[in-house]
Amino acid sequence: MLQVNQIAPELQVETWLNTAQALSLASLRGRVVVLHAFQMLCPGCVLHGLPQAQAVRAMFSERDVAVIGLHTVFEHHAVTGAEALKAFLHEYRINFPVGIDMPSSDHDVPRTMQAYGLRGTPSVLVLDKAGVVQLHQFGRVDDMRMGALIGTLLAEEAPQLDVQAVSSNRTASNSQVCDDEGCERPSE
Amino acid sequence: MLQVNQIAPELQVETWLNTAQALSLASLRGRVVVLHAFQMLCPGCVLHGLPQAQAVRAMFSERDVAVIGLHTVFEHHAVTGAEALKAFLHEYRINFPVGIDMPSSDHDVPRTMQAYGLRGTPSVLVLDKAGVVQLHQFGRVDDMRMGALIGTLLAEEAPQLDVQAVSSNRTASNSQVCDDEGCERPSE
Amino acid sequence: MLQVNQIAPELQVETWLNTAQALSLASLRGRVVVLHAFQMLCPGCVLHGLPQAQAVRAMFSERDVAVIGLHTVFEHHAVTGAEALKAFLHEYRINFPVGIDMPSSDHDVPRTMQAYGLRGTPSVLVLDKAGVVQLHQFGRVDDMRMGALIGTLLAEEAPQLDVQAVSSNRTASNSQVCDDEGCERPSE
Amino acid sequence: MLQVNQIAPELQVETWLNTAQALSLASLRGRVVVLHAFQMLCPGCVLHGLPQAQAVRAMFSERDVAVIGLHTVFEHHAVTGAEALKAFLHEYRINFPVGIDMPSSDHDVPRTMQAYGLRGTPSVLVLDKAGVVQLHQFGRVDDMRMGALIGTLLAEEAPQLDVQAVSSNRTASNSQVCDDEGCERPSE
């Protein structure tokens, strides 16, 4: 799993929505980046993760904080493609850029999800201005904690970082299961 | 619009999910029927309507109260077909029977939705033991009110009904719009 | 404890607020009665019980349903007397009649609370039109369930009652403890 | 009204609860200070303000952030004295230090409330490490915003502050009125 204090590797994206041009993490240096990995049919994403991402977008300026969605589908691929996702984003009024995670040639789990070691959806990563991971959490993040972390990172000039990631007490299971909090990907 | 105190005409359903055999309203006489019309990409349905339908299902016995979903799609047809709906029902753990409203040959609005004059999704209809409409509401219904209506209807021997439908103060608009409460179908 | 299917004995009240004249359960025959026992400094009462009582008051007509508060103080007597309670009811905009449970001469627990065997606050009792207890619950009651019970009782002509009380899984403890759900009185 | 970018004058407190010794703002330099002004019978304080103060207390270390309550009573003085407040704090499990605002000799509004120009309760002030006001708001503050402000202030070495206070759009009225958001003090 991509750890706190590591530089986040580039996203591997098949298609970008809600943006005229492809994004790269490198181009976002100098801004705090909030990356929400979700699936359009994941209840925890719809009920908690995406509303929080929208609240972050509404509260901070785009100049300071970049909010990016990553559609990391590891099940139901046939019915959650780009056209379905576009309809979903339209109905839920999600306006920030969303990248569709690049499919693997040999695996249900797409490439960024694999590279980052995401445990499932929703997963949120917060990167500092230098692109270093300061939070990597599967499941729900408290609004006040999210605000505090972003506020701390915004105040930093240079990436002298000591914010601790919130540890998750979930344990991996053998088959994908969704509950109100999230959907875990299957163990490999 | 199908009015309170009218007998609900039969559902026109293309495919039934979560049930071994097709349902008819006629076969449900003697039970209170709660019919939730929804679309899988309608935020108001996902946030309010369907959770309430699940709460009704959990609170009353199947012998007393039938809970039925009706997937009444009037937009995004291409990405909300039977396979997509099956994945949605699986992820949201919706186990009561759901009928897919029969498509019209010449109109985006499917047949039961037209016949009932549904204004949009979520719409909920509550039928008494005689199949007579006792509530027909577009948008959100308060849980206590829903409970009170079902409780009243359950206590009835014969359909001497005087429960008033809650009037809605929404007005129709010219184009389909979703907000947190629901999605209105376009005017015709 | 006052059981379901028993006739509720009369309230023993020291002072009535929000009503010009004293109430008696006998005078309320023919109406469903919702009786909320609370303490003004009980968090569960303030957060859940009293808002639900206000919702019942707002939803049903006074002709059909009587909502009554009972201030059953078993601790902090010195600072929760009639004047304090009046200020509380004013600030929380509670307008239904509230009786102050008659103090015991030899016990912290007041008389109605003793006679009814209330386990603590909030406790809610629902009486049918004949004054028979149909629900006696310590702690939180679901809004839909409350609505369903009232609706059922309203539909009854005569008190042929079979509604089951919701059993509580709390166990009594030796000392009064408040949590988010309620305050339990001490064991005797 | 005490403005953003002003140094907060010292609290004028009659009695301190939940602390062995009196606090002074001067002694808290170097920490971020979150000051919640409340009344024990103010619904907005009980429902929103105090739970947020408790969440701040739970999220940040006492070494970094001081959370202080200020009981600023401007009505119902007779029933909200120190003994009543102690019972309230006990039942609501509020453990951070709470000062009772010093009564005025000639006015219902106590001294700190007057000196700070508080509009009513709940009011929250956030002071940076140098004791300079960075937020002064009457009514509800969003959790994410509160977190972001504290996070920003924690990251600061020296008090070079540019965080803007959230402007409130409430207007003063002639008589004290409580609603779900708060209680406004009367105009003078």
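Should a chain be cited, it is by its letter among A, B, C and D, assigned in written order, with residues numbered from 1 in that chain.
Heads up, the rule we're going with is that contacts are C-beta pairs under 8 Å (C-beta built on N, C-alpha and C of every residue); 3 or more make two chains touch, one makes a residue touch a chain.
A quick note: this is a predicted structure, and the numbers were derived from the prediction, not measured.
Common neighbours of chain B and chain C: there are none.
Rounded to whole angstrom, the centroid-to-centroid distance between chain A and chain D, based on C-alpha atoms, equals 36 Å.
If you average the CA atoms of chain B and of chain D, the two centres end up 48 Å from each other.
Among the residues of chain A, none is found touching two or more other chains. Contact topology of the protein chains: cyclic, one closed ring where each chain has exactly two touching partners. The set of touching chain pairs reads A-B, A-D, B-C, C-D, using the touch definition from the header. Put simply, chain C touches chain D in their complex at residues 41-43, 46-47, 75-76, 78-81, 83-84, 87-88, 91-93, 178, 183. Across the complex, chain A is touched by residues 55-56, 59-60, 142-156 of chain D.
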